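One chain, subunit A, appears in both complexes that follow, with subunit B as partner in the first and subunit C in the second.
Up next, the complex of A and B:
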């Protein structure tokens, strides 16, 4: 059976080019980039070159980039850094964060810090809700760029303006961290990069290798793990040079093709939405074009439980998801983002996520919409 | 110029087989192992299968294995877990630990915990020194299995016996963590595995990929980073399945060939030591066979500064090191392990590390000993 994979937001297939760069780099650089003999210095120079090119690509200083084992670790560096504050702090966190950030709420509370969770009507945090949540002791605001389940783009520019104004008024310092795992290389960086104090990125969402990602932070942070001094002392462990090289290759490709890929993906998504609109039982949850990534579509078939529909499509060779992979085994966790977005329980019960990459074709989309329509028609008819 | 690489303890060349397993797995499993659709479940089953086979290989329960981004992170999981204790604890740490553990001393002290650092005469911690360091509030003992610079095998069996006896006498609980990065797959596991409560392993020291490793812990620990629930909730982040599969492949190969590889490496090392013995100016620092890994040799040419000799050999295409890669850019840090082992400043100033893998040949060793002898003869003659 041919398989159609629409769960790129969970993980994307590694590209041939990325795998080739990985292999070449692994064979070329056998030494540790921290070693001082020639092979070590060559590996160190290669790493330093990639960091500089990454920095140019992003338009940020190279010394503000820290390679990690992935988006989760990049998020953890910032969360743990604030968790270590001795004085209790207040943090503001969107209710639709990825589990790698959302799971910290309990930890912050346990340590005596206070947390305000913001609802996200329709999948978007409003600048007004941020404004009313800020307090003089607010030290950290955690709001992702593109939501991983609905694809909604958060208004970080306006949110940042609210935060900066509050900082000036109250002479306090607030760190705005944006999880950019679903944004980097997928939407224009003007949506997130200039507004956040730090962002996290994951390679395997961009057809890069697993196990690598980065934190960009323009502000200093306290590393939770001291060690061998790698990554300017902020993230210890032998640098994963082959994966970092492949990560850069993917990032470069994504950024070089960004506009064309965006236009193509948007037309694919529009086409999908148009096809699904023929069935009133299928509700699109993701807001229109200007407020969402074209690569992710949240929808719901209220009368059909998500898990049932996901499995029915799976049996036809079509992979979609019910939420983030991290939360997909737990119904309550899987529904959290839909609930926090204000969708009613009926919509949440039938909520699904479709996500794809730039290589998606019109045939893929036709197959997907046909499958969704036929199977929902069939199931709804059976249910009477 | 042909290059001879004798810095395997810093990083080893990835094997063709490991790279092949990495590539095949990356192409075969495009889905996230946490996803519940068929490709996700297949990836999850693959991961679970590898974990079981790893556990069988080690003779431990699969649920006590946690894949990490490497040895450093495995060490950090244990260190951070104890760092988070609210009540001040006492810990005992060998003075010859790898920087990924040694760097925690300051952090522990900053948080009000107390630390006893054990010297290691000749590169070996004595059970007696552990016995006299233990206190009723001792919660953690950090002693590596094979030292990364001298290759010395620590007497973990006797150390563990001392700790267990103390625990019984004082009705306290002490966690013995052993960094097994230079031991796993290289010396018989009876040296470390039955004696430690937890061990850390790194793939890239075994000709596996960078960016993966594992923590085995028979005792529960508090994870520093909550997140998406991967690795039984102990280590969040999308699992690096291709790297983990390659890591297992290397581990299996190392364990299958352990005895033959050991015998070969020992004969290579013996041959090297014998050759170097022709020059009284060259001092072997690593103790004899039964107390050291055959893959690492610490030596010193007291009158020639380490960095100078390392560079001179490097110019001949021979890569050796002055200590761990993590500390090789800092003279004081590079010398720490030699100093803690009780070698005098003259020996420390000229200290070097040679390390290799099972594929080392008699020709490689001949080239190495010839280079060391010729260059030290020349330099010493020039110095008069």
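Up next, the complex of A and C:
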């Protein structure tokens, strides 16, 4: 059975080019980049070179880039840094953050910090809600750039303006961290990079290898774990040079083709939405083009539990993601992003996520829309 | 010939039996023999004591203990040492048996010696004094307490000297041996209750097969896998079983499309009992077993049970009917099913569960609803289409 993969937001297939760079680098640089013998120095130089190229690709200073094991660790470095603050702080967090950030709320509260969670009507945080949440003791604001389930782009420019104005008025310092895992290499960086104090990125969402990512932080942060001094002492552990090299290769490719890929993906997504519009039972949850990534589409078939629909499509060779799990125990947790976005329970129960990459073809989309339409028709008829 | 290990087995309820006691003992021996195939189990009943001998090879102790601790009909068992009738050999065996325990838990003890062979030169009292002395010498922190000892050590002088201790005693499920009460069919779901129900009935001597209703794609294959795992966990208690997986989707959808929403669960359960009866007939099961507990959910009220019972031509046994949920959970933990039961792959619920189920249904009205479904053909098709998973020993 031929398989059609529409879960790129979870993980994308590694590209041949990235794999080749990985292999070549692994074979060429056998030594630890921190070692002082010549193979070690060569590996160190290679790492330094990649860091510089990453910096110029992003337009940021190289010393503000820290390679990590992925987006989760990059997010954790920032969260842990603020967890270590001696004085209680206030933090503002969007209700639609990825679990790698949202799960820190409990820990912040346990350590005596206070937290304001912002709702996101229709999947978007409003600058007004950020403005009303800020307090003189607010030290950290956590708002992702592109939501991982709905694909909504957050208005970080306006949010940043609100924060900077507040800082000036109250003579305080507020760190704005943006999880850019679904944004980097996928939407124009002007949406997020100039506005956030730090961003997190993951390679395997860009057809790079798993287990590598980066944190860019223009502001210093406290390192939660001491170690071997790698990454300027901020992230100990031997650097994964082959993966970092492959990560750069796919980042460069994404940024070089960004506009053409965006236009292609948008036309594919528009086509999919148009096809699905023939069935009133299928509800598109992601807002229109200007506020969403072209690579992610959130939708719902309210009467069909998302888990059931995912299973049925899987049996046809089509992989999509559920917006939630059917287990009642974890239901609220799994549906958090939809609930925080203001969707009703019926929409949440049938919520699905379709995500793809720049290589998606019209045939793929035709196959997907045909499968979704046929299976939803069949199930809705079956269920009476 | 391989060295042999000896176990003393304590029978509980079997001892209360009269003339038919040997029938129960024979069944117990058969069940243990099945589980210990390859270890050449041999049984000996000596003056009211039930001894098991198995080959002493690598892994045999763990295997024997796992087998005996899941065999209903036995209350407890303990590894027993057998020596020559020589006081020095007996003293050595006492230390070998109790040493590992007393070195970690120096507690009070009592030695109970019995001398059936009166030709043995020491009296029972003298045997107790000699062996108690060597324990005190070896583990000075232990002390003798003849009234309320924490550990009791038993020495019996017969054809040989037999030594066992309460410190080595392991509990069995108790009850009666599986198979003495005929065969039933357990309605196994992925929840906490039904595996416990199966276990309970096994301790009453009921051999059981199990039946599960699979509603793919509305229930996941993970849910089915969970049920298979649960069946594997309870298999030793049930002395093996066959699991029948019924393809229930067509019937479920038919119920859904042709009846009132508030009646879905009741009609579904009625149909399940109907199918279970068909399967029971094929596999020669004479009763159904369910994990229902009175008033736990809407389909477990007296009125609901009255209706679902009426689908069955054979008795429906509900061993948990009067138990508190906490008691059921305690047993589930003891038999090792709890952690699997609470895995979050439960029935996919939302499609088929009514928001407002009937709590006190009228039996006649429900029977009329069932009749109007005209579903018999689908139920027969489902019963015939079972996937069969063999978990027998």
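Note that the second predicted complex is superposed on the first by the 375 of 384 C-alpha atoms of A that agree within 3 Å, B and C clash if a C-alpha of one lies under 4 Å from a C-alpha of the other, contacts with A are read in each partner's own complex, and residues count from 1 in each chain.
Throughout what follows, a contact is a pair of C-beta atoms (placed from the backbone, for glycine too) under 8 Å apart; a residue touches a chain by one contact, two chains touch by 3 or more.
Note that the coordinates shown come from a computational prediction; the quantities given were computed from them, not determined experimentally.
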item: Which superposed partner A:320 touches (first subunit B, second subunit C, both, neither); value: first
item: Partner chain(s) touched by A:123 [first = subunit B, second = subunit C, both, neither]; value: neither
item: Touched partner set for A:151, first subunit B, second subunit C, both or neither; value: neither
item: Which of subunit B and subunit C A:349 touches, first, second, both or neither; value: second
item: Which of subunit B and subunit C A:357 touches, first, second, both or neither; value: neither
item: Which of subunit B and subunit C A:312 touches, first, second, both or neither; value: second
item: If touched residues of subunit A are counted for subunit B and for subunit C, the larger one; value: B
item: First, second, both or neither for A:208, with subunit B first and subunit C second; value: neither
item: Residues of subunit A at both interfaces, subunit B in one complex, subunit C in the other; value: 307, 311, 325-330
item: Partner subunit C, residues of subunit A touching it in the complex; value: 303-305, 307-308, 311-312, 315, 325-330, 349, 382-384
item: Footprint of subunit A on subunit B - complex, ascending; value: 3, 5, 7, 10-14, 19, 22-23, 26-27, 30-32, 34-40, 69-73, 75-76, 79-80, 98-100, 103-104, 106-107, 202, 204, 209-212, 224-230, 236-243, 307, 310-311, 314, 319-322, 324-330
item: Sites on subunit C touched by subunit A in the complex; value: 216-218, 220, 253, 256-258, 344-346, 348-351
